[in-house]
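Look at the two complexes coming up: chain A is in both, with chain B in one and chain C in the other.
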Partner chain A sequence: MTLALYVPRRSVVHRVPAGGKLLALAALAVLLFAVPTLPVVVAALLGVLAVGLGAARLPATALARQARTVRWWLAGLLVFHTLFSDLPTAAVTVLRLLALVLAAAVVTATTRVTEMVAVIERLCAPLRVVGVRPARIGLVISMALRFIPVLAERADRIREAQAARGGSARGIRGLRTTVTPLLVQLLQMAHTISEALDARGADDVPPARGRRSPAPAA
Partner chain B sequence: MKTRDLAYIALFAAIIAVLGTLPAVTIGPVPITAQTLGVMLAGSVLGARRGFLAVLLFLVLVAIGLPLLASGSGGLAVFAGATAGYLFSWPVAAFVIGWLTERFWARYNVAWGVVFNVVGGMVVIYLVGVPVLAAVANLSLGEAIVSGALPFLPGDAVKAFIAAAIAAQVRRSYPVIERPQRAVATR
Partner chain C sequence: MRFRRPEPRPDAVADPARGIELRGVSHRYGDRPVLTDVDLHLTEARIGVVGANGSGKSTFARLLNGLVLPTSGQVLVDGLDTRASVREVRRRVGFVFQDPDAQIVHPTVAEDAAYGLENQGVPTAERAERVTEVLARYGLAGHADHPAHLLSGGQKQLLAIAGVLVMRPARVVFDEPTTLLDLVNARRVARVIGELEQQVVVVTHQLDLLDGFDRVLVVDGGRIVEDAAPRAAIAAYRALMERR
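And now, the complex of A and B:
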């Protein structure tokens, strides 16, 4: 299971801090919805392509892969607005969506998952005030990242075992004999892991500095 | 929140991710992704708060660039797309399902579970998803309902039932939701 849409390259775009790229993306979205005219939208689209394919040296396939998911929407929108609105509206709507999707794809392809996690931890820093510990957010993200391949492997193994026996886990019986026991096993596994983490000090609350109330658990 | 809760949250985020890799259940014309099943399960097994956070975590993983959605897509692009409203409604759906489930925990059974899953997993998701679809895609509300809600009805009904059946079985063998009063009061 490939786990990332990141495309490693040595480029200026890759080196821009993740937070800056996310801000630029948000600004572009605001601009495109505030000024929905054809020249602006076309300029944005060309700009995004220039940054992605030119400056970041991403292969066109990397962007196409992410744009693929919206292709039917774009096609449907184009047909719909050509029939029921007018051609300019159709063009603006479709190109705007395409520009935003591609811009987001460029950010995703040029930014490592770990950098994004760091941005999230930083963004969550103000939440300290309400008792959320950013480090715990990093912890829960890493746990989920670790669980995904584990679960995928278990699901595969069950599918293979069932295929080998010539049966399938369909229907209510399948739920009772396969799915629920698996889910219970996974819940127990999560519980065990959390105990192991706590034993290694994961639940330790960092010393509160001059705070009136003791730091609540995040 | 205890480390155990974090582990459950991470687990369900991963479950929703892995459900996206399962072959779609083929009942009816629309291929039904199993991921909203995961959303319903998160709410009805973990309860409101942890269910909400689990789905939110899943969306964060998608946003930071993991191709975890059923179509193998991910990254920030999906949150700009026409179906973004559905994604944003998922955590709310899990919260509503979890809240109802906690409320009626003592009497929870498959029938109640189906009701809760329909309210949270279908009504809430359509209420958020359809208007966003209409706005982003420049459709009228009626057109958005026809293309963005009706095709999913049968599949979602089946998922509401499956999630309720699993949740009822898990409740009997390994209940994760605690007494409703404590679950609401602890912070």
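And now, the complex of A and C:
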């Protein structure tokens, strides 16, 4: 599993604010569904590739990896529309999805998690009225991204330890014998994590003020 | 000066010369005593803490920055009571845990290093500058944008240390910082600790980490049973363990 989506580079695309990139992504989606013609879709796809591989200097593998995750879906759409619609519709549908997936990949590969989270925090700012602290939401998202790989690693280690003693990690039984010790480890770890947050001043956050970005006028 | 914000409590005046004082401190979890009658005044630059598993070392360490509050007695840091001024105390006393994975809370290296500064409300530009500086100091400059889970164990512990030191605490407590590391990385972390200008309290089972320390405490059954220079204290600790 990899969540290492960000590809550090010095490029114009990287420097565009996260909010701008997300808006552009949304605009592209609207355009492609509003004007679903082959020239527009092909132009969009080429444009995305030009921005990703050219302007942002991303490695082709970074984009290919994302395309691969939807390859069966693309194949399914292609077959479905070829059979039940016509070839041009099939082409438009498949290329449109591909363009959007690659565009999303370009945005995630050129935007730090922090910036993305800051946008989410800004979007959540109105929730302040009902007492929610947007900074807390941001922290939760960051921590989820941080601890998913840690969890996967711990689960692997437990499975290894069981395999080393002749256990098998297959089937429901295997699942149960992995999950129980994993939960125990998690609970212990959660305690330390909360102490570590405290030790670094998690409660120090000045209220009524965003942690990462200047708060919008309140 | 170190003080960014004045202490909100006018009666609590900080005096950095006072160090850390424990006055008649006891701690119990439920009705189980874990530390009993600890009276200490810690002013030395390098203080070690040794003792068997379960003797109360981690509880002792956590008392020093208010992560654990004493059930009786008082802990004062620079004259500030950990009970009354816990935030200010935590700004003065950094804490590094044994397991680096449990203290790195952000997905990438630079983001994690910045976490404490965000909490303190340090402005973005200064934050970036201090993070760059601290990552360079601990050999992590080239990893700023890398996912933290791709670092080696030693690098993770260095990141954990960086994330604490970037906040510029006057004192740092380490709870078994090298226990999970291999020899090379343990030495590296030991060297980093040795070079700190801060007052340092280190809980450890790796006795060579205590070379050159000013004072070593031996904890046994929740009591400080020895308090001396490293050589004498370690000899007493060995004798104690052999009697088991």
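As a working rule, the second predicted complex is superposed on the first by the 162 of 218 C-alpha atoms of A that agree within 3 Å, B and C clash if a C-alpha of one lies under 4 Å from a C-alpha of the other, contacts with A are read in each partner's own complex, and residues count from 1 in each chain.
To be clear about the criterion, a residue touches a chain if its C-beta (ideal position, glycine included) is under 8 Å from a C-beta of that chain, and two chains touch if they have at least 3 such contacts.
Values in this document were obtained by computation on a predicted structure and should not be read as measured data.
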Touched partner set for A:Leu183, first chain B, second chain C, both or neither: first
Which of chain B and chain C A:Leu77 touches, first, second, both or neither: first
Which of chain B and chain C A:Thr108 touches, first, second, both or neither: first
Partner chain(s) touched by A:Tyr6 [first = chain B, second = chain C, both, neither]: both
Partner contacting more residues of chain A (chain B vs chain C): B
First (chain B), second (chain C), both or neither touched by A:Leu38: neither
First (chain B), second (chain C), both or neither touched by A:Val16: neither
Touching partner for A:Ala24 - first (chain B), second (chain C), both, neither: neither
Which superposed partner A:Met143 touches (first chain B, second chain C, both, neither): both
Partner chain in contact with A:Met116 - chain B first, chain C second, else both or neither: first
Interface residues of chain A shared between complexes with chain B and chain C: 3-4, 6, 113, 139, 143, 145-146, 150, 189, 193, 195, 197-198, 202-203
Chain A-touching residues of chain C, taken from the complex the two chains share: 62, 65, 67, 87, 90-91, 94-95, 97, 99, 101-108, 111-112, 115-116, 118-121, 144-150, 163-164, 167
Residues of chain A defined as touching chain B within the complex: 1-6, 22, 25, 29, 66-70, 73, 76-77, 80-81, 85, 89, 93, 97, 100-105, 107-109, 111, 113, 116-117, 120, 136, 139-141, 143-148, 150-152, 155, 172, 175-176, 179-180, 183-184, 186-191, 193-195, 197-198, 202-203, 216-218
Complex interface listing, chain B residues touching chain A: 1-11, 13-15, 17-18, 21-22, 41, 45, 57-58, 60-61, 63-69, 71-83, 136-139, 143, 147, 162, 165-166, 169-170, 173-174, 176, 187
Residues of chain A that touch chain C when the two form their complex: 3-4, 6, 8, 112-114, 139, 142-143, 145-146, 149-150, 153, 189, 192-193, 195-206, 209, 211-212
